[in-house]
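Two complexes follow with chain A in common, the first pairing it with chain B and the second with chain C.
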Partner chain A sequence: MKSYDLLIHPAEDGTPFRRVDVIGTLDSHTVQGFEQSLHSLLDDGIPRLLLNIEQLTYISSAGISALMGLTHRLRQTNGELVLLKPTEKVYRVFRTLGFTNIFKIVDSDTELTAAFNL
Partner chain B sequence: MSHDRTPPPDQQPAAPREPLGETVEIEVKAPVETRVLSLIRTLVSAMATDLGFSVEEVERIELAVDEAATNVVRHAYKHIGVSPDLPPHERHEPPPGQDCTLHIRAELQPHCMRICVIDKGIGLQNMPPGVNSIDEYLERRGNGGLGNFIIRNFMDEVRYDYPGQGTVLTMTKYLPTPQEA
Partner chain C sequence: MVWILFIFLSVAAVAIHRQRRAILALTYELGNREREKNAVFDFLNRTGERITTSLDVTGTLQLVVEFLQDATKADAAAIFLRQPDEPDVLRAPVVLGFFPPLHRTTTERLLAKRKFLAERARHDTIRIGEGIVGRVAELGKGMLITDAERDERVPREASEVIPIKDLILAPIKIRGETLGVLVLVNKREDGPFSESDMSLVTAIADQAAVMLDLVRLYDEFTAKQRVEQQLQVAKEFQQMLLPRELPRIETIEVAGFSQPALEVGGDYYDFIDVDEHHLGVVIADVSGKGVPGALVMASVRASLRAEARGNLSPREVLRATNAQAVKDTKRGVFITATYGVLDKRTGVFRFARAGHDPLVVVRPEDGELTLHEPNGIALGLMEGEVFDLLEESEVSLKDDGAIVLYTDGVVEAMDEQKRLYGDARLHEVLKNTAGEPPQAVIEAINLDIEAFAGVREPHDDITIVVLQWRRPAAQDAAVEPESTGGAEPLETPATDTGT
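Entry: the complex of A and B
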């Protein structure tokens, strides 16, 4: 498996958020490409971003800082970042460091409406 | 959401193997490039698992070592133009004779794992300080300092030495005693 990949789903009519699958690892090696791709996407004026991280196998402080950057940017325009289905390992990092109270994290698509305040 | 499920069998810790009985040292030298980080994580995780640490403790050791190695890659040789943080036009090849490596030394002892992350650079004492809490990290709006916070909080002992050239960061994690396990 490649160490990192990003699958940006096309915008769909009637869906009030863009969906991106993050695959592999988010560390100091991969984070620059991740940030460039996601901030480019936000440059198009997208207010709500769903990151499906069920295939994200590892995250370091570099990856967490990138998620914080996206969160800050979206909240400045009343938007939101939602993280979908973190793996046990990634969730444990978030929980141990206290980021489960900072990031919006959901375990299923049925929770998205509430998470995005729609 | 609930994430307190029992890990599936493939994520449960392996049965501890026969105790070492003596210290085993394993050393790795790698180029100061971010692409080596995943390999270092794999090696450190395998050693910690083999020593008998739980899945959660292995993950903490893996992350702490990753953060320490990242600091070396990003900061230790920045003064001579070797760092992924520098713009391309400011990057240089290391000068001849300059030891420009990331050196990991792991000591596997019956009761603990000690990992030294060593460089021969400018010394990491000049690095931006880490945060002391997640609140402080949030006040910085997520701009740096989390890696050193992880190192200090995920390992049992952390010590920085500056032996004239470069930095030796020594991190120790103790295995739980039979009463604690």
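Entry: the complex of A and C
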């Protein structure tokens, strides 16, 4: 498996958010590409972003900072970042850092509508 | 007859004239091309000497690619370079025109729109050996493809968005090492690309290699110098801020340890006299490294010290420290900390946890561990209600056991295979050293990390603080189990690898 990859799903009609799959590890080596790709996606004025982190195997503090940056940016425009299906390990990192209080985290697609306040 | 001859001659004359004009134009063009080429050569030669950082390099590469795109009349052009930190990966710092995807990736689906293509080419990474660009980098041999549609080396799926007609790929090579690949796509007029286009690109690629090589050497040199300097300053600074001596308390034994990593992080621990009967204890870890990390650490330490005096609520102290940290730190930098107030008379430790690793309590009799992880987010990120979720919790050194605080450098210590030391192994050491003096516990942890990771500089700071109630009768009460092997299976609250 690749150590890091991003899968940006195309905008679909009728879906009020963009979906991006984050795969592999998000650390100081991979975070730059991650930030560039997602911020240029947000440059198009996307208000709601769904990060599917089902396949995110590791996140370092640099990765957490990047997620914070995205959250800040989206909330400035009344948008929202939602994280989908973190692994137990990644969820634990979020919990220890207290980020389960900040990030919207859901475990299934059916919870998305509520998470995005749609 | 004469008129036939006349016509023939006129036609011939016109033809000759045209031919001559064409030759003239061609000579002129060649001269132009030659001049431009020389100009670029000169430029590259000069810049190679002058350029001192990789930032300048991108500007130069931009000019090189622009020149090549223009000279070969290519629709699109790009330069792919090996990444210094990831040598098996290519990335394109410069992409011009509508650059088609030249290798398959999972992001393909995004790319219905042309405007994304340059963007994508810039952000995408190509592994050495992957796709046509990766192969040129791997083999170090250029390719001139004049009929891309029929050439197997050109990926089919790429042509859906932008059809590829012809291609030039030239390796940027020096001393047998490929630093990158120059790519030109689709000749606009007089296509396809010719051998002479190819040789121009190859010549420029060779020149660019010399320049990049120089810059790389310079970069390595300055980076090393810079890192060493930073390292020294930050290390000294950090050491200066650590407690020079441990508090002496009749009832409580205290030990602390902090070892900065090669790339200094911003760990610290501190003991603060809150009032006559209370000792403030803090352990913290700044997410940034180097001098910036050490500076953030210093400012957090200063504000926490100021807030702690006379204040018996760890929650309030952390709230005030957070408010200051939010103002002081750059967006994205955060600090995890556990701060508590220890009552020296009763041994009760009242604490709050700002996103820090769990606090572990070790029962001295049998080594049973309890993990405390009250709610709370890291410092420096947010003020207001989210931060105010911070909870206070209480542990009694006397009744519950010794308190162990640590930073994630402990559980994230790595062995050569990059496996993590992990919570489980730390817990094992804590169980086995239950009841031993704090200093001995810290030494045992360090020895075990060393046994796991080998003797080398840790990649993250390692900081440990241990607090223990002094038992007046400890020596003769024989509570210290020499081998705790008899202890029943110790239940550890569900906990896995840390951050």
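As a working rule, the second predicted complex is superposed on the first by the 118 of 118 C-alpha atoms of A that agree within 3 Å, B and C clash if a C-alpha of one lies under 4 Å from a C-alpha of the other, contacts with A are read in each partner's own complex, and residues count from 1 in each chain.
We take it that a contact is a pair of C-beta atoms (placed from the backbone, for glycine too) under 8 Å apart; a residue touches a chain by one contact, two chains touch by 3 or more.
The structure displayed is predicted, hence computed values, not measured ones.
On the superposed chain A, the two partners chain B and chain C do not both fit; they clash.
Looking at the shared chain after the overlay, A:10 reaches chain C, while chain B stays out of its contact range.
When the two structures are aligned on the shared chain, A:37 is found in touch with chain C, with no touch to chain B.
In the superposition on chain A, contact of A:75 is made with neither chain B nor chain C.
In the superposition on chain A, A:65 makes contact with both chain B and chain C. By the document's definition of touching, both partners, chain B and chain C, reach A:92.
Of the two partner chains, chain B is the only one that A:105 touches; chain C does not reach it. Of the two partner chains placed by the overlay, only chain B lies in contact with A:25; chain C stays clear of it. The intersection of chain A residues touching chain B with those touching chain C, taken from the two complexes, comprises 29, 60-62, 64-65, 68-69, 72, 88-89, 92-93, 95-99, 102. The touching residues of chain A, when paired with chain C in their complex, are 5-10, 29, 33, 36-37, 40, 60-62, 64-66, 68-69, 72, 88-89, 92-93, 95-99, 101-102.
Interface residues of chain C facing chain A in the complex, by the touch rule stated above, are 85-86, 105-107, 109-110, 112, 119, 123, 125, 287, 331-334, 336, 354-358, 373, 375-378, 381-382, 386, 389, 495-499. Put simply, chain A touches chain B in their complex at residues 3, 25, 27-29, 32, 58, 60-62, 64-65, 68-69, 72, 86, 88-89, 91-93, 95-99, 102, 105-107, 111.
Chain B meets chain A in the complex at residues 1-3, 5, 7, 11, 34-35, 37-38, 41, 56, 59-60, 63, 66-67, 70, 73-74, 84, 134, 138, 141-144, 146-147, 149-150, 154.
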